[in-house]
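First subunit A sits with subunit B, and in the next complex the same chain sits with subunit C.
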Partner chain A sequence: MEDIIKLLLTDYTLRNVAIGASILGLVSGSLGTFAFLRKESLMGDVVAHSSLLGITLIFILTYLLTGMGLKNEPMLMLGAVISGIIAMIFVSKITSDSRIKSDSAMGIILAIFFGGGMFLLTMIQQSNIENKAGLSSYLFGSAATISHQNVWMMSVLGFIAVLLMFIFWKEFKVHTFDPDFGETIGVNRKNTNLLIISVIVIAIVIGLQAVGVILMVALIVAPPSAARQWTNNLKIMTIISAIIGLVSGLIGAIASSLVSNLPTGPTIVLVATFIFIISVLFSPKRGIISELIRKYKDKRRILISLALSDMYYLEMNHDDRMSFGHSSKVIDKMNPINYNIQKSLTIMKSEGLVNEVAKDNWKLTDKGIDRAKMIQQEKGN
Partner chain B sequence: MNELALEINDLTVAYREKPVLWDIDLNVPKGVMMAIVGPNGAGKSTLIKSALGLVKPVAGDVKIFGTDYITQRKKVAYVPQRTSVDWDFPTTVLDVVMMGTYGKLGWFRRPGIKEKSAALDALQRVGMDSFAARQISELSGGQQQRTFLARALVQDAEIYFLDEPFAGVDTKTEKHIVNILKELKSSGKTIIAVHHELMTVKEYFDYIALINVKLVNSGKVSEIFNAENIKLTYGGHSNIWETNKF
Partner chain C sequence: MVEFNIILISSFTAVSCAIAGVFLILRRMSLMSDAISHAVLPGIIVAFLLVEDRTSPLLIFGAALSGLILVYLTELIHKTKLVKEDAAVGLVFPAMFSFGVILITQYLSSVHFHEHSVLVGDINLSAINLIDIFGFSLPKAIPILSVVLLLNIIFISIFFKELKLTTFDAGLAAAFGFSPVLLHYLFMSLISITAVASFDTAGSILVIALMIAPAASAYLLTNNLTLMFLISGIIGIVSSVLGFYFSFWLNSTPSGGIAVITGLIFLLTYLFSPKYGLIIKSLKQKRQREEFYIKVLIMHILNHQNTEIAEIENQKSGIYHHLKWSGERAEKVIDYCLKNNYIFENHGILSVSESGKQFLNNRD
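Presenting the complex of A and B:
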């Protein structure tokens, strides 16, 4: 542990990668919350893939103007932001002005922009433009190429995105929850939509260099999906999501520096998805396991209450409280509902509600009678 | 004549080629409680949405208290259909009701103590004060509707638009909501609600607009809510017409 901290403080590359990855996780985690709640998580995929076209176009444009290729310049990020936003505007337009649904619209736009980007990227790779090597790292991400300057750029952009979310918090919230109502109180649907899309695009573009266009969507989707499992409060959800993003970035960066040949981007994504899986399984209120336990308990309760009511009815009406009990067959006949009487009796015995006074001869205990009375009251008779 | 709360002139709305509302002229005097009644697909919700500027009309204009919606925004409250939002959104009843204060706060400013107490008051009026901290996904249909009504009450508006406020709520809640609306009316507010149940029109409302793409008739319930107009609106297929309650 001490070694890791020492390494973080002294190793220039690791420090840049760790800070960069943390920032990108933090920003994509917090803004991803809104993409998630708008049910537009896939939008992250469209934006990330589409940005490749902007990146390659800016690269070619500057080459044509200056005769040199750009390398890791803010200009490339700007290209990514612009093409990401344009792609999303196209998606919105197609969805609102044609009969094509948003999933198809997203698919079409992603294909066109990413296809275009790949086309240009291949052309650039086959040319002899200087600095062309840096470009292909945008596909799968290459954290090692993050420089001090990049970290600054990521911090500034990330700060702007999170600040905008903070300033327009109540507008983002009301627009995401109820856009029609928002519009009637002056939260303009079009402008707010554009603003939300823009900050999400910024969040995505920050991560492209480290994680790459293909995997970046995971950092928009996984942290908020995991965070939603743990809270019912939007503020807390955003904070948890940001922390999950940050932790994923940090762990991914450190792990990949400690283990040789471990790629940073995919490692970050795997950490985030691991946290997501844990959250989906183990969250106390929305988790799969607690849901299973709840269902099991419900079923058990129903099994018990059916048999208990029937036995109570039998014993009360036959006035044979003091004498022998009833066989499982008799109890079973009491009720047209088909359930496993043996199982009910076994469970009830283990909970001390019945006694088996003789072989297959069952009688309610005092505790069982109290419980049966409670059930009768709940039923209202 | 009284001051007009809502004035709709020559309003036509179309989705693609199909007209949803055709050349509607409708005047709503201030201080009345109007039901908008008509069969499914008659354009009732669209009429409310165009009055609020949520739907852009092909032709015609809408005036609220004599001017554009935008300038009168703070005098208008809107209760959308309960089912139009995702109730699994991570927030509480109080927080949803607080959204009613956002319009008057404007951009940048955050709700404070004053807004919170207004929201709690509104929750008390709808009988939901003990639910303030409740997660909205845990609400029943009637509670959802009352939460939305509380959000509109917080807006402290002059004119209230409600889209099917009684849809899927129990009778007790319906009566409760009606009483609140009648209180609003008696303090001079105007209420316009999309309504489905013809049986209760007379009991709840004093004005009515019967529409089926076109406006069939509008005016006082006592004057125009009759078998002939209902038949014109529903094309003779209304249950109430067949059961001969008129």
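Presenting the complex of A and C:
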């Protein structure tokens, strides 16, 4: 651990990687929240795949204009942003103007843009343009290629995206949860939609270099899905999601730089997925384990209250409270509901609610009587 | 000969995918093709690590299993109601794909299993990898692709009624006692098998493109389900042929080229489809708008004709003001109506003719 921190402070590449990955996690985590809540998680998939066309197109265009391959990543990122936004505009146009459903529209646009991108990428790789090697790292991401200039670019873009989210927080929120209401209070549906899509596209593009076009969708989906389990508050959810994104980016990128031959994108994705699984299992309010515990407790409570009420009824209606108890068969016959009477009695005994005065002869303790009275009262209410 | 083989392979792939794609888009699960084509990767790799033979049919089995695991995990996450279905898909397939890529880089970096070829496939390689069948020298992929194609045709024909019913009216299907869940899993297995058989030769992009775009184009052309299969298959083959020559011309990957062509064909149908195309739609809208203007004009004139204010309201030069139209539009509509004798002019005052009244009544 100390070694890693030392490396982080001294190693130039690793520092860039760490900062870059943190920024990408932070931005995609916070903006992914809106994609998640709008049930448009797979939009991330479309945008990320589609950006490949923009990247390769810009590369080829500059080659045609200047005769040189483009090493300038900001331009490539710009290409990615533009083609991502155009792809989404196409999707909504096809969906609104024809009988094609949104899922098919997304699939078609993804196939065309990504297919076109791969087409151009293969063309570039089979040519002899300089600097072409860096392009294929956009497929699966390569943290090692993140330079100082990239980090700077990522910060600027990320800052713009997050700033826009802060400025238009109220609009984003209203539009996400109730666009109809939003329109009545003057939030323009079309413009807000375009704005949200644009900032999400920016968030995706920031991550392309480290995570790659194919897996970037996971960083839009996993952090908010995990964050959603911990809170019902949008603000808190966005913050948690951003932190989860940051942590996954950081851990994944550092791990892949330290372990040889470990691809960055997949590693980051698996870390984020792991955090999601932990959240789903252990979140105190909605988690699967707390749900199981709640169910177990409910079941126990019902088992106790059924037997307790019956025994109480028996004892109240016989003037034998002090003398002897009843057998489990008798208690069982009291109630038409079929339940495991032995189990109930064992649980009640362990909680000190009943006593087994003789073999299979059960009697309520004082504590049991108090509890039974309480249950009766609750029923009365 | 290689050219012919490439076209043959991609056409077989195209038809299988196009057939599988029809119900995929009708069931609104298009993006499952993308998810499955990514998620089959770990299954292929694990199977490959077990048998160390790239051509073993076990690879297809592993892939299909992988596809089913994706469907199962997605349902599992979705069922907890902790996240929505789209997010569940978006969580599972990248994780599975990541796992597959890491397996490749850790155990197979020396073998011919390049990430790049996973995406675009190696159709050129498949085309020169030949086998003798009944005296014909055919690509090795053809027998597998034929089996998959046959499987698709058989599955769709056997379950046509069930698929149709669960697709268009799931409630009724359940009432009749069909199990939508079982059918869903069967159908997803079919998609996985089709995806992986195509995947090996054509890469994952082509799987997505060929499953969705031809079926969606066919959906824009017809309402008849049987016809939709036919059109979808034809578009698949046409895209394969054109796409191959396109990529041959520009010296790039056939898969990318074919994907682009399927997209272009979709664009063409999207614009020019005689039933649902954008152009026919906007023409229709324009006609409706014009008809509406004519009706408004006639009604206005009819309302005021033979009243005291007719001279004010129905004045040819001033009517635009009463209708709150621009002068230009009023002039156009009035000219059109005069020409068609819906209205006539008398000393600058407009009146409706008999045919004008008929126009109003006929086309309500």
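We take it that the second predicted complex is superposed on the first by the 371 of 381 C-alpha atoms of A that agree within 3 Å, B and C clash if a C-alpha of one lies under 4 Å from a C-alpha of the other, contacts with A are read in each partner's own complex, and residues count from 1 in each chain.
The rule is short, and it goes like this: a residue touches a chain if its C-beta (ideal position, glycine included) is under 8 Å from a C-beta of that chain, and two chains touch if they have at least 3 such contacts.
All values reported here derive from a predicted model rather than from experimental measurement.
Residue contacts after overlaying the shared chain place A:171 against subunit B, while subunit C stays out of touching range.
Once the two complexes are laid over each other on the shared chain, residue contacts for A:267 go to subunit C alone; subunit B is not touched.
When the two structures are aligned on the shared chain, A:305 is found in touch with neither subunit B nor subunit C. Of the two partner chains placed around the shared chain by superposition, subunit C is the only one that A:36 touches, whereas subunit B remains out of contact. The larger set of touched subunit A residues comes from C, when the choice is between subunit B and subunit C.
In the superposition on chain A, contact is made by A:122 with subunit C only, not with subunit B. Residue contacts after overlaying the shared chain place A:228 against subunit B and subunit C alike. Of the two partner chains placed by superposition, only subunit C is touched by A:139; subunit B is not. In the superposition on chain A, A:187 makes contact with subunit B only, not with subunit C.
In the superposed pair of complexes, A:103 makes contact with subunit C only, with no contact to subunit B. According to the touch criterion, the shared surface of subunit A, contacted by subunit B in one complex and subunit C in the other, consists of residues 39, 228.
Residues 25, 28-31, 33-34, 38, 77, 80, 82-84, 86-87, 89-91, 94-95, 97-99, 101-102, 105-106, 109, 115-116, 119-120, 203, 205-206, 208-209, 211-213, 215-216, 219-220, 247, 250-253, 255-260, 262-263, 266, 270, 276, 278, 281 of subunit C are the ones touching subunit A in the complex.
Residue ranges on subunit A touching subunit C, taken from their complex, read 36, 39-42, 44-45, 94, 97-101, 103-108, 110-112, 114-123, 126, 136, 139-140, 214-215, 217-218, 220-222, 224-225, 228-229, 261-263, 265-267, 269-270, 273, 276, 280, 286, 288. On the side of subunit A, the complex with subunit B involves touching residues 37, 39, 167-171, 173-174, 176-178, 180-181, 183-187, 228, 231-234, 237. Across the interface of their complex, subunit A is touched by residues 49, 52-54, 73, 76, 78, 80, 84-86, 89-92, 95-96, 99-100, 102-103, 105-108, 110-111, 135, 137, 151, 155 of subunit B.
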